[in-house]
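Letters A, B, C, D, E and F mark the chains in the order given here, with residues in each chain numbered from 1 onward.
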């Protein structure tokens, strides 16, 4: 076979020069601020460097029609980006009259990821909606959203426990997410926008604190990636997620 | 004539007891934080007490079709509220597939208010879009939005001037807005949510720094308001706006 | 301060020359024709000069979800303009797939205005919908709509009373509306299209027959208006509304 | 074969008793009022008894994309019904966010019917839009609309001729339409609502003044109709259309 | 009268030369394949020459709101065309966000046609939905859809009978449809795309096996058609439908 | 950590019993039928067992706005499912007025996958649209769609080459896709619906004929999957895709 995808990803001679000056396996500065707004049962501002996402968790004592009367709860997510969260202004989805495919894809991902750590029987017939709104974007908004939404979810569950509305803790384990990619031939952790728009492969990884994979989404943007690159990326992601889980623990302990 | 609206608004015996403990002519604490996000040409977080609105100004080198080739610019606004900015979660307008009547009404108001201080010929054929997104709502979001968007607009114009894209300053004067209302029979300044949901009359006032009115929108929620009440409300608004214009000046001087 | 809005509205040397030849405080010819169409419980064709609006009142024995079981009724309005009611054809909103911001704003105004004279408990659990459709537009369609819709509303209530479906009259007082504006420096009553498209300030005033204000919406189109102009406009509006209320009484007595 | 549609339409023993007292071949009173509104190039209020449709013709100096640069014009129609044109209020299509199938079907029919008498080359690159809005409905709105829209179209063409924008008359012949149906076993002309909602077969017939058929739409509502019934219906329609064409001629000569 | 529609359709000197080489009264090859897909209660691929339509019948134990509790069933249809069923690709209606007028018109026609052979009381409170999706279009898709949907409907009813969910057969008689038209002056049966896009008159005829007309929709595309042409077309249609009813019988007997 | 996702996926004692009786590494019967419909430049019916997807490739001599004038082409995909392709009928997306999130997600995936084997410069300024419409669904529709769309794409490119519209072959390599999953603890290839609705992990893998990964999307439906499971799944996918690439080669050689 010949053609562009025949070109193998060559091992870089030395360490990769990331635009941010970070090491290949280095996360951006991550902060998790609880109680960012006051009305929601859980409200978290999560930052991965310049990426800032407001994640709120709202409790509603209803479930969607397909779950009514089954004694189970539901966890769902919605994602949005403020029109000028990005370098150039995007159309407001509410004004265009529909959510784009990227938005729907991301909010479906966030919802699946968070449901993976919830015992819906223990939650009872109520819905927790995680609204993840990007105030400022610099790459990795969906993985930041998952990481922050987990903390907002825990806060909402604690609110329910404090009011004794639920007795059993419906949350088992923890969930966090990070992106990895092949940037100029080298696998790197936690892509920022400068790297993301110039990388060959972009992968989002969602894992739990048991070391299991919840979701894996990898896309070759340039050349197709080889199995050994995949292995390197998974290794980076796994280490990054261990750090993120620790950040979540610290935030929840504060 | 008899009926509910025959009941005159009685002058209160003593000073009104506002839920917040404020005096009748006292604004909430107002803060204006410039440079809140980094991509927009102007980005301001404005707070009127617990009401927090992110106002960004985005410059685009195009104008709407009806202005093309006329050598004039355009200033327009969009308004949104994060689903959980309020006490109970509202549906996301992007998900519902349309902006509601209240949203459209508010963003039209913001746009008109800001255009009132812009010389569109001096702006040249470019559009400045003011996105006002409510992060947290506690009454008075539209007046906070106008007050904050003015500062974002000035920052965007300064950005154009710094890059020497425009030579003449298209902004003349300043614009600020505040709400006033009749709460339990007494005219008060800058209604918060607790007052707003329990008041008889609610009026939004937009003025410029020359003391002129740009917009006046008063609605009787309970009894119809009399001319003397209107006069009292206008007096309160006028004094409040003088304070807000000073806040804007300080923020822009910082 | 310098700039366009610094220019004070100068008192005209003599009486203003209105395009229509009317005096500053003169309404257009106003006619109110009841029973214009036959199916609706109330059906009124109201004309303010060349502006013609068909206002129908429809009774439905249901209320919106948020009122169900509360023993109260609801009054709401919808507004539309036939595509060629205006000088140039506008797109049909049904074909475009949504009502524009102006339409939503106007129908919300009409609904609020009419609810201000209805005792919703006395109406019982039923909805009266006021459809205001502009057959021909020449300025002031929203104020004509309110003035005409009041008469249609009374007719629908009488229809309910004749059928003994309600015992207590839910209507207290009367409601009418008119526009006022500053045209070429002079305050004038009841703007027609030629004046409206060339005026500095445009204000819509809704009042009841007790002399109270129900709604006040003033917009500076050119220079910001000063307090003394506002006072002059309110005086004109008040006198005009007294005349309109008399027109309504005559129509209802016929 | 057995079943409902096996039942033949029996010839009635004597003349049919129509709810309106009309003879089987008798049209309702038909009036055609030109110049009903003032802005449109053609504006006609057509009444077939209690059915009243406002037909306006608007000239635009553009053509749809598929005709651009071909030197041909276009004639199209839009149809709407005011919410309370009918016995019970219908939802406003603009509020529902789309035109229903019935509306689209009718406006496509009106457009085809009128295009059948227009030489689009002679019209030149301009569009004439026929807006047919039903103010009051009592059966036969689409056929009244076609009959009235023809007169509005002629007026719009005359307006173009007066301004010398076109030299050759693009209209050849005339077009009118009427409904016929089998009511209680008897073929009748020009169904009103009482008949329409209780008839077995309903047919809309569009013809020109050369005696040719432009459109034929027959639907069996109850039993399937036989060839001899069809023949009787076509005879009634043909005679009715001759009368309608004469009404159009008289209106245009006035 | 003068003009294009004055030109009479001249009787052709000899037999018409159809692009396909067919005789004037000759159907295309018609095939009806039952059980084309496996999930639907009825699933038929019908071909009229190169026109291929997949018709499925789906049984649902619910009825629309307007029929609830009346002990009657409902039969309805939806129509779609794959984007590349045609010579040039059409936009996907799901992507455009609405069904076009042509689509709505056709699916309303199919629904009415099929309901004409169903005793809805005997069907009981259930809905049968006929989805007619055009895989390949070569003219006559709506008539092929009706002809095929009838067979799918019968299969769905048999499925209900086999499961003893209904006792009485709700289907009486049979329904089929065909198009006829005037092609180059000659009446012909079953137009294919080459003829359809170049014909003067196009008529769709739906009949039952009792020889009754269920629906008749004729449109003059070029010159208006005369009564004698109409008679010739109806004769062709009647003979064609007899053949189609026989094809249905054979398919159902297989 | 404790909870459901702590349970490791146990290695099955013996070979897994798949509902279909297939071996763990066995594909369903795969057929690829070219020229299934006649209008499209490429038209392929692909079957993976009972899953049947019609993939058409349509060539258009235009590119989207963001590519205009860049001398590059575009390849995009749309995905749809006939309402009764599934066990129970789904709403028609065109009737609901929007494409769902799942649909958008799938068609974005198909588009990305196919673009990965196209040199868009060599394609020139034209768009190839791949419409993938599911006629019958039994699991794995998106991977079947990618596998079939590749063949339709090649046919469309050959059509361009035959007409000498392009000189250089824009296709490099080949692309195919398959699903893998953990079913009752065992990794299996090419899930059908019975397996898909009862599996713990579901992964879609897109690869090229150079052995590179183009897209990887894995989701834990039940317990989170471990690294060794992931490795086993990737091995199965890789072997399956080799078979699918061979099927494509054979089909294209026929």
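In the analysis below, a contact is a pair of C-beta atoms (placed from the backbone, for glycine too) under 8 Å apart; a residue touches a chain by one contact, two chains touch by 3 or more.
Everything numeric here is computed off the predicted structure, so don't read it as measured data.
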item: Shared interface partners, meaning chains that touch chain E and chain F; value: none
item: Of A-F and C-D, pair with higher C-beta contact tally; value: A-F
item: Chain C and chain E: spacing of chain centres that average the CA atoms, whole Å; value: 51
item: Whole-Å separation of chain centres (CA-atom averages), chain D against chain E; value: 26
item: Interface hub residues of chain F, defined as touching at least two other chains; value: 97-98
item: Residues on chain F engaged by chain E in the complex (per definition of touch); value: 37-40, 43, 50, 52, 54, 56, 58, 60, 78, 80, 82-89, 92-95, 97-99, 103, 129, 131, 133, 135-137
item: Contacting residues of chain B [partner chain C, same complex]; value: 1-6, 98, 100-102, 104-105, 107-108, 112, 116-117, 119, 172-173, 203, 207-220, 223-227, 230, 234
